[in-house]
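Taking it in order: structure first as structure tokens, then the write-up.
Labels A, B, C and D are assigned to the chains in the order they are written; within every chain, residues are numbered from 1.
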């Protein structure tokens, strides 16, 4: 059930070369077409000659052009002149989210639970797993569950099956999916796959970070949500969290605490993506939270 | 020593009734006069008919009007039409800060120390205390120190002496000043006096909050920086911080931890004020940090 | 499914007047009877003449007396001499937890979910609500759900029905139960009822703390888990958490963030109680976490 | 000025093979000699056959042996039997701390300032720097300052000069000392050199961690205090802290925030060491805080 504000809110995300006049051009365009700007964030990588990023939220009830025509009008009047890369989206067009998972249920359930109480503004497209274990849990939420066995040697086949099922999804969330996606598949979903890594990256890349953290004796453990790129665990970081630990934590209790972190960090990162708050530049994110 | 960016940065803080077109009007005005907007934050209290707040930073090297003329030009072209309350300031015009203190040195020294290493962008106007104890500490920093005895019954006299010394100051910081200023004096410095309260307000108002926190057995203690109003400990909150504690903390160790919080929280609040990041509305702050 | 360590671990919680020799007496008693101490915490309220608190975990496989006989042996050999109040419990004897709830599901589901994945060491006795809404959610977990209408004027009747159902429970958790229990009922469960309050107590006691927090403009919101006493919202605090907020948070988003805090803070407090880590003295808690 | 509690408090730190009866043996020994145990912490690396660690604080006024004789008595009666490595110290025997620093003053001043207000229980032995810059700052505190030029090629000479000056010091703190000590020198001060590293280790080892953090786009930056070992930045971690950052932080503001972290984290680590709260095992620390 969408609320009033969702029905009337549109969002514009812009990346372009920085030069004077952008705010004026964009805001005047919107004002002249009857849009009321209710949020505006901007950032530039340098004081001169850098890259410029902007996020606007505006209200559409008094628009003098239709939602269908607005993009072309904006392109012609503003975007082309400033060489903008941009997306325009409407809060009421919920993004379709597919979740990939293996056997751990904590991150998955946190997302489904938030979604089911309207605190993640999206449609859940489907859940796909390389194990059958979580099927009944998922189906209780009224969400389609697909089991696709996945092994390194048959990855191509498995991915082909998955991608057939993923048709129509806008975002893929790896909620502890313990397989590595091929660079080819990753390339087809640029900055549209979010992974939760169970450590404070760039510390403890790779397998079993809790064991690594235990062996190292760190005093804080963390979790990192990032976009997936071809380079494992090296994609742009969206959000991170940490929790204090001590010598009393064994690997098992580090894992339990870490899973709390993962739930919170992933949920925040996914919500920011859904609300068009995340831009990527030079393998880093700009998050307008 | 001011850096390049300080020499060229101006800031505009605006409060006005919310209506469409404000961003467009302000940004177009600045663009048309050769200013380059490098930061922009806005907030409105409601989606319609609320109050609108805006903070802009812009670069002045290519302005087509002088800094002296800019305010009048802005007033006529924009501010009047939108019924704006506004201030225009230049980063290079450092605000003059007077610090009032009693015997505790921690908050005072933190401010002086940050100021002396150019991490608080201000001029220190003077330090005034109702005790002579901290004189030599202050003078080491090359800052004038004034001792003005202060008792409740002679408050009027003491305040008169203080206000004579405070001539020219832009901001008064109560860095653990253990006297209550008169409503009359407070009224002469609206939202220009910052106090650090040694608790997480609104819990533990009044005297000896550490003893109160200890007696209550709270698991977190805090500090609160707020603007001073006539209503003791009830002024608009600028910043708060907390630190975890346990049954093992006695009143003395709560105090020691609390003082760390006070140093950090006060320094952040003062910096935000100096950078024109704080607006007040309905006894609450909008902080564009 | 209990793990090995749970099958062999016993816990001793002791409160007594502080005097020399307690550690020696208790540890020698346990050693002489074949128990291996694996954790020991102690605390005294003052360096002399205070109250002394102790928590021990020990392993039972090599005990030379049965679990049944151990308490009487300890009472005679040690406890009486030092005027101890004490409890001895075995980790494998899971405490039975009843949960009281109204319509909000977040705190309830967090507890059920952690319990169902063996991360809350207890048996769930039942869930009782003054609304029927959450029945099917609860029953999915295989937990009995009882709906008992509850109004202020018929509180006596409602509580009588509840207490009949609560027979055999060791701990009552108010997971956002929006009714006030009578002092009589509270007195029958001393330090065995845990409530989650949706603010950082002692700030914002009473109803609608999020609205209060919003009106006050605080920069941190919190949640507080405490034992219930006859004095509303004034019982001993077990655990607290806070989250940073800004002027951008409206009451609704404060509530959403607050609910995350409530879930985490309540789950920690309940776990500590279940693991016999909490002692109460002078309306404050000693938590050996 | 030492307080009453410091005059009467002794501390025992023990490491030994874990076996039943240790608590009983140690506490009975102390009780029988008139010591009153006021704090006791213990930890074992495994439930059986692990290594056992213990920290006790006890009060000495009613000891039936002198402080001089106590160690030999303890060795004979207890330590030998349990194959203990142990240290006995008296809170009134302040450890002598030498601080090594280069040009950054923040960590140094934080330590000197805390020490000067009796919140770091130690004697400051001296400050040694490879630059003359901070001499007058240090001498204001009444602390000897030595300037010893230090270059990689003459490290042996420089270290020889330093070690001559360090005679009598109990602890060396590297408060941003930008030179690498030789393995030989490090070996002469086992777990008695504390370094503050300006990142959340093990992320960003080596030079310029703020630039590394900026390039990586992390959302939290940190600081790590650790004992120095021959392996650069790999010694046992004593304490860590983090602070939230965003894309808006440039390298300079990361550095400013990081320095706040460094001050706090280093001060905590040094205090814990001074209070005999830190044990090292398998390149990790046990901190009884």
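Note that contacts are C-beta pairs under 8 Å (C-beta built on N, C-alpha and C of every residue); 3 or more make two chains touch, one makes a residue touch a chain.
This structure is a prediction, so every number in the text was calculated from the model and none was measured.
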Rigid-body rotation angle, subunit B and subunit A, from Cα fit (steps of 5°): 180
Chain whose average C-alpha position is farthest from subunit C's own: B
Approximate Å spacing (C-alpha centroids) for the pair subunit B, subunit D: 37
Touching two or more other chains - residue numbers and ranges from subunit B: none
Sites on subunit B touched by subunit D in the complex: 105-106, 109, 113, 117, 119, 140, 256, 260, 264
Residues on subunit D engaged by subunit A in the complex (per definition of touch): 43, 200-204, 216-220, 222, 236-242, 246-248, 283-287, 289
Interfacial residue positions of subunit C with respect to subunit D in the complex: 5, 20-21, 23-24, 27-28, 30-32, 34-42, 44, 47, 59, 62
